[in-house]
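I have a structure I would like to understand better, so I am pasting it below and will then ask my questions one at a time.
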Amino acid sequence: MTDLSPINDNPISLELICFGEGHFEKHHITDLSQIPPFLEQEHKFWLNVTSLNNLDLLNEIKVIFDIHSMALEDILNTQERPKVEVFDHFILIVVKMLYTRTEIVDLETEQISIVIGKNYVISFQENKYDVFDGIRSRLENPSGKIRKHGTDYFAYTLLDAIVDEYYAILEKITDQIEVLEEKIINEDKKIRLGEIYTQRKSIQLLKKVIWPTRELLSTLKKTESFLIKRRTLPFINDIYEQSVQIMDNLEMQRESITTLVEIFMTNISLRQNDVMKTLTIIATIFIPLTFLAGVYGMNFEYMPELKWKYGYWFTWIIFLGISIIMVFYFKRKRWF
Amino acid sequence: MTDLSPINDNPISLELICFGEGHFEKHHITDLSQIPPFLEQEHKFWLNVTSLNNLDLLNEIKVIFDIHSMALEDILNTQERPKVEVFDHFILIVVKMLYTRTEIVDLETEQISIVIGKNYVISFQENKYDVFDGIRSRLENPSGKIRKHGTDYFAYTLLDAIVDEYYAILEKITDQIEVLEEKIINEDKKIRLGEIYTQRKSIQLLKKVIWPTRELLSTLKKTESFLIKRRTLPFINDIYEQSVQIMDNLEMQRESITTLVEIFMTNISLRQNDVMKTLTIIATIFIPLTFLAGVYGMNFEYMPELKWKYGYWFTWIIFLGISIIMVFYFKRKRWF
Amino acid sequence: MTDLSPINDNPISLELICFGEGHFEKHHITDLSQIPPFLEQEHKFWLNVTSLNNLDLLNEIKVIFDIHSMALEDILNTQERPKVEVFDHFILIVVKMLYTRTEIVDLETEQISIVIGKNYVISFQENKYDVFDGIRSRLENPSGKIRKHGTDYFAYTLLDAIVDEYYAILEKITDQIEVLEEKIINEDKKIRLGEIYTQRKSIQLLKKVIWPTRELLSTLKKTESFLIKRRTLPFINDIYEQSVQIMDNLEMQRESITTLVEIFMTNISLRQNDVMKTLTIIATIFIPLTFLAGVYGMNFEYMPELKWKYGYWFTWIIFLGISIIMVFYFKRKRWF
Amino acid sequence: MTDLSPINDNPISLELICFGEGHFEKHHITDLSQIPPFLEQEHKFWLNVTSLNNLDLLNEIKVIFDIHSMALEDILNTQERPKVEVFDHFILIVVKMLYTRTEIVDLETEQISIVIGKNYVISFQENKYDVFDGIRSRLENPSGKIRKHGTDYFAYTLLDAIVDEYYAILEKITDQIEVLEEKIINEDKKIRLGEIYTQRKSIQLLKKVIWPTRELLSTLKKTESFLIKRRTLPFINDIYEQSVQIMDNLEMQRESITTLVEIFMTNISLRQNDVMKTLTIIATIFIPLTFLAGVYGMNFEYMPELKWKYGYWFTWIIFLGISIIMVFYFKRKRWF
Amino acid sequence: MTDLSPINDNPISLELICFGEGHFEKHHITDLSQIPPFLEQEHKFWLNVTSLNNLDLLNEIKVIFDIHSMALEDILNTQERPKVEVFDHFILIVVKMLYTRTEIVDLETEQISIVIGKNYVISFQENKYDVFDGIRSRLENPSGKIRKHGTDYFAYTLLDAIVDEYYAILEKITDQIEVLEEKIINEDKKIRLGEIYTQRKSIQLLKKVIWPTRELLSTLKKTESFLIKRRTLPFINDIYEQSVQIMDNLEMQRESITTLVEIFMTNISLRQNDVMKTLTIIATIFIPLTFLAGVYGMNFEYMPELKWKYGYWFTWIIFLGISIIMVFYFKRKRWF
């Protein structure tokens, strides 16, 4: 899991990295008029827009890059389902990033929109976390593959970074399920069904995010746009296959959880059975004996046994006899 | 959730709004002969028919707009499944509106049929609630997008208003499930399975309404009719995707409920286990002791222990001994 | 639900209704040579064959109408799955009618085969009930639509009558499930799981009948035969959509039943929990007290307390003390 | 269910029946050189090979009929999945026969491979049971349809005989499930879950056999081979539809079993509830009374009540009072 | 199950077997420059690379055989999903081998990648186990089919060896489930749900491996590459069908397990019921009797019965009377 560096809460920050073979410039854009010149030159550039809370500025970007209104709406609506949309001169990809701030998986989502143009890639992030640090350092490396390939390859590296996060989260979930599994199989009493429930919710959420992402990647593979070069397809196919594999694993984890719940409930039943048996053994042995003791505690004037010299000892023999018979009965019923 | 303004129960009311760029007229039609002139002029108009209980009037409308008998039947039969049907000179869309009058989600459905013609849109509502107030005010706004676009875009805004209601209801359901979740996880005793059941039924109903709506929108996207312009397709696609997302969320809520029921039932089992353990501990400790007390309450004449000076105190030692052994046994079984 | 008029158990009865615009004749055929002339004239006719127990007669019909052996076999085998088969000069439709004689839904099926020819429709019924009375009276009405349209439309009215029965049964089932629901939610003790089971079986049977009927109608919609005119297609589509809607509703009812069973079983668990708690409270309070009473009922010669003047009253204080502590314990455990 | 005549365990037996219109010969082949002449003449013939344990002989047959090695492997491997394979000059069909030797359905499978050639059909059976007796006698009938049609029709009759067996087994299973159902609904105590389990396993096995058979028949319907004549297609379609219907019924039976298990388990719960209630009623009434009796059995010297003349009778009044209050309490809780 | 011969843990070992009709050489490659000459000659050869821990060497192999970087990455990433990828001059197949070292199925996976070229097949194994011994000995046999066919057939034999392992594991699982089944049906008390769980996990894992393998084989069947000859297709189809059959069997085993869990839990319930009944019978008989004995143990001065001569015997009659009534009551409730 890449280290998630928190982004400050300040207004929109625009980071522009212009790169190419033997070329690397990094700018923090404060004035949007700085951007158009980059569109004209030969190198590719990446514009990373963090935070979506300055609508005017986003509208200006819309104008500069000639982004369709519908596309901007998709970027702004952070409740959007992951999807890809091919426009005439750009492709819009909307995906979800998942991250968890705590040890226990408590997933939060952030929408990331990627616009792929002829010589630019724009990424729009909400104002929370950032997973693109690794990409920044790869860009700084003069001999990196990332510098040579086109904007489609660069968009692939962004998507790859996001899908890698999914893997990291899947792993965390898997680990926690394994811990639960061990606890449940060893009949640890401290386990609560709520913990299992949390894992199941995480899996559901992950599935809800990955399922459309998989569709998106499948669509992207088949997209016929001049923006996606043939030689980038194997890379896209690779993350597509990763998403399929995550789905497979999620399904398996989901089934594991179902089984765990079953074992958990069976263990409760078995334990209850155990409690019941203890009660029944003690009660069924002693209740008849107590009755008998009660009988000889009665105050009738004419009770011949009471006068008999060995009456008391004989009574004890009856007590023992009843107990032994009972114990044999339970043994035969295999209650011990 | 748009405010649902109740419609009076009086007979059919016909509201005609004629609009266009720089144009806006609003009429309450009382005489159907007022309508044909509007068909001839250049502006678009929206005819909103509320209540379906005047068959003669509806038949006149049928004649004026040359609506197919089959289409009118679909409009009248409020048990219709959501669907779209393309006729030569108009498109019929039948959808369901969902609303709830109470805080607790208790869904009621109302059928809304939309007829899209060249320069008109007719909407037929049952006589209950109305969600089109927002659209009315948008039409009054002279610079609104809604005035410029064609009848297909206008029909889109109607559908959009309806799908927005679905979202609002979904949110209400989600909130109530979260309340239930909290209650169940905190083992609130006052919860009843009936409450969970109500939520599940709402989800079922919502699903039953949205599933065919999704199909309908998917069909509409692919419809080749001169009435649906190419530039309206992204908008239709947008509500299509919203319906997909609602389906996703419903599925997730449905799974949540299944899990909640499981937790609920496990909690019952655990509580019962607890009750059983209390009973068993008390009973298995005291039943043997009571037996012993009973023994020394017997009235045999020859009971040597009774004469022994320390008999009584010794008996107490045995009582304590048995209790301590029992407590240890339960401790080892981890019943505390 | 149309009134089901019982048909006598006597041998095959042949009813021939010849109709057309301004034309209506009704015959009870006793001699099959009466039929061929009708084939030659301009009007359409409907031959309704009730009971399938006269094989010779059916074979004669087969010859007269030139029905394929395979088709006759399908008609005779009342275990056939609903289906449509297109032959050169006729179409064979095999469907199932469902009916229930009792208030409680106890479904019985009857196979109805419909042969659509150029100017005739033959319907073959088993010898049980009849749902075509409504159609007979519509045929008698001189201005009815049914008289003007072709044999395909007439076959549609027959299918429509059958599908209407499905609706009626679905409604009965839905009503009974609602009654069950109310009973279960109000924890009516007299409910038995067997009742729920009966409803589930009815739903299963209905599904088994409607599922292939839906397929059949879907096939019929796409059939390219000169016997199905283009203008009849919307009508066929209409019953197709009805069958889809019945399937939707059945699915919803099936889910309701699953939930009801769950609630039913949870109620049992809750009630058992209640019983257990009562037992445990009474037993855990009185068992220690009885032990103590037993102790002071022992007959040891040296028991100092027995001599103490306030011993008895002090014992009562202990009794009350223990009871109060126990009650507080249960209160804290929220068992009341 | 056709009578299953056991086949002797001796080595491969080869039965050759040559038939045609007005022609019928039956041979028991002992020398394979007898076969080639039949290939040359005008009549069709059926070669029935029972037992697969003589590999040399099978290899000779392979050479005589020019069967592909892969096909022979499929015939020999009795673990093969039902399938059809079209070769240049023959079609190979591999199916499973199901039979049960006992009253209780305890399914065994036997693989039957059918090779359809231009003027011959070869069937390969394992050495267990035989269902083709009915076909043999139909072949002996000079006017039978089976004599006139080609080898494809003959292969159909073989398949039909096998599918008929499936029906017979399905019926047996259905009967036994109905018996179980009756027992469970009447709460027969002698029922064991193991019995239900056996039925479920039979259904699973039947499904596993029929599912690929259905596929096979569906493929056969679409096969474009000169070996399958157009007029045989309706017959193949007929057994295809039978297989679909068996699948439908199996699905329904499977659901029935699920419901039966549910009812079975609910009945256990209800009975346990009943037992609990009896215990609780008796115990909660008598435990407090016993305590009170114990109190007045104490031997304190100063117990004023003991001296009171009506103490004893008053105590009985208290006993009765407590009992009556308890009974009312249980009545109000509706435990009776 | 082929015998799994452990491979030493030393670095990459390269085994090259060059074969053809009448030709067989076996080399242990230590110097990669030995390989290129083999590419030039007429015979096919198999290069088996065990262990993937020498990246340099693998890169050299990449260069020699001109393997695409993406393909090498797939080979190196042992978390890859089974798949086939067709490149211009070679086909890459990635599959998983499954094996278990212990008697109890405890599956481990190993990735095997197969590269099919014009006259070579390369197999890459992780450094664990080896299933290709059988293939080695078949290659040594001068008249073996394997020597005559091309590289596609050879790749098939490798895949076949792997799928055979799946069968072996499936068989092991099936055996163990049958043992579990017997234990559960005979109510063996020592069974633990954990054992069932282990089997379920194995089935899940097997499914996860076989599902994509099946897809892979299906793709391979349809691959249009000069490397796959038409006459090899039936062989590929054969293993494809085997994989389908394994899936079928897995599904059946999975259902068996579900049923076993159900029986297991029902048995617990039934046993608990049994325990409860024993307790209830003993308690409800003796509790009232004990009460009565307690009554006559009270020390009231005026208790007329105590003075009555036959009081004691009469009390015993009452004791017996109550017992007999209780026993009858339980008999009628069918608790015995």
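Note that the chains are named A, B, C, D and E in the order they appear, and that numbering of residues resets to 1 at the start of each chain.
In this section, a contact is a pair of C-beta atoms (placed from the backbone, for glycine too) under 8 Å apart; a residue touches a chain by one contact, two chains touch by 3 or more.
What you see is a predicted model, and the numbers here were worked out from it, not measured in a lab.
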* **Third chains touching both subunit D and subunit A** => E
* Asked: If you check the contacts of subunit C and subunit D, which chains show up for both?
  -> none
* Asked: Is it true that over half of the residue numbers where subunit D touches subunit E are used by both copies, so same, or is it different?
  -> different
* Express in whole angstrom the distance between the two chain centres, defined as the mean CA positions of subunit B and subunit C. => 26
* To do: Report the inter-chain centroid distance for subunit B and subunit E in whole angstrom, where each centroid is the mean of the CA atoms.
  => 42
* Structure fact -> Residues of subunit B that touch two or more other chains sit at 269, 272, 276, 279, 283, 287, 290, 294, 297-299, 303
* Structure fact -> Among line, ring, star, complete and other, the chain contact graph is ring
* To do: Quick one: what's the order of chains around the ring if we set off from subunit C and go to subunit D first?
  => C, D, E, A, B
* Given the complex with subunit C, which residues does subunit B contribute to the contact? -> 70, 73, 79-81, 83, 189, 193-194, 197, 200-201, 204-205, 208, 211-212, 261, 264-265, 268-269, 271-272, 274-276, 278-279, 282-283, 286-287, 289-290, 293-294, 296-299, 303, 305-307, 309-312, 315, 319
* subunit E residues within the subunit D interface of the complex -> 185, 234-235, 238, 241, 244-245, 248, 252, 255-256, 259, 262-263, 266-267, 269-270, 272-273, 276-277, 279-280, 283-284, 287-288, 290-291, 294-295, 297-303, 333-335
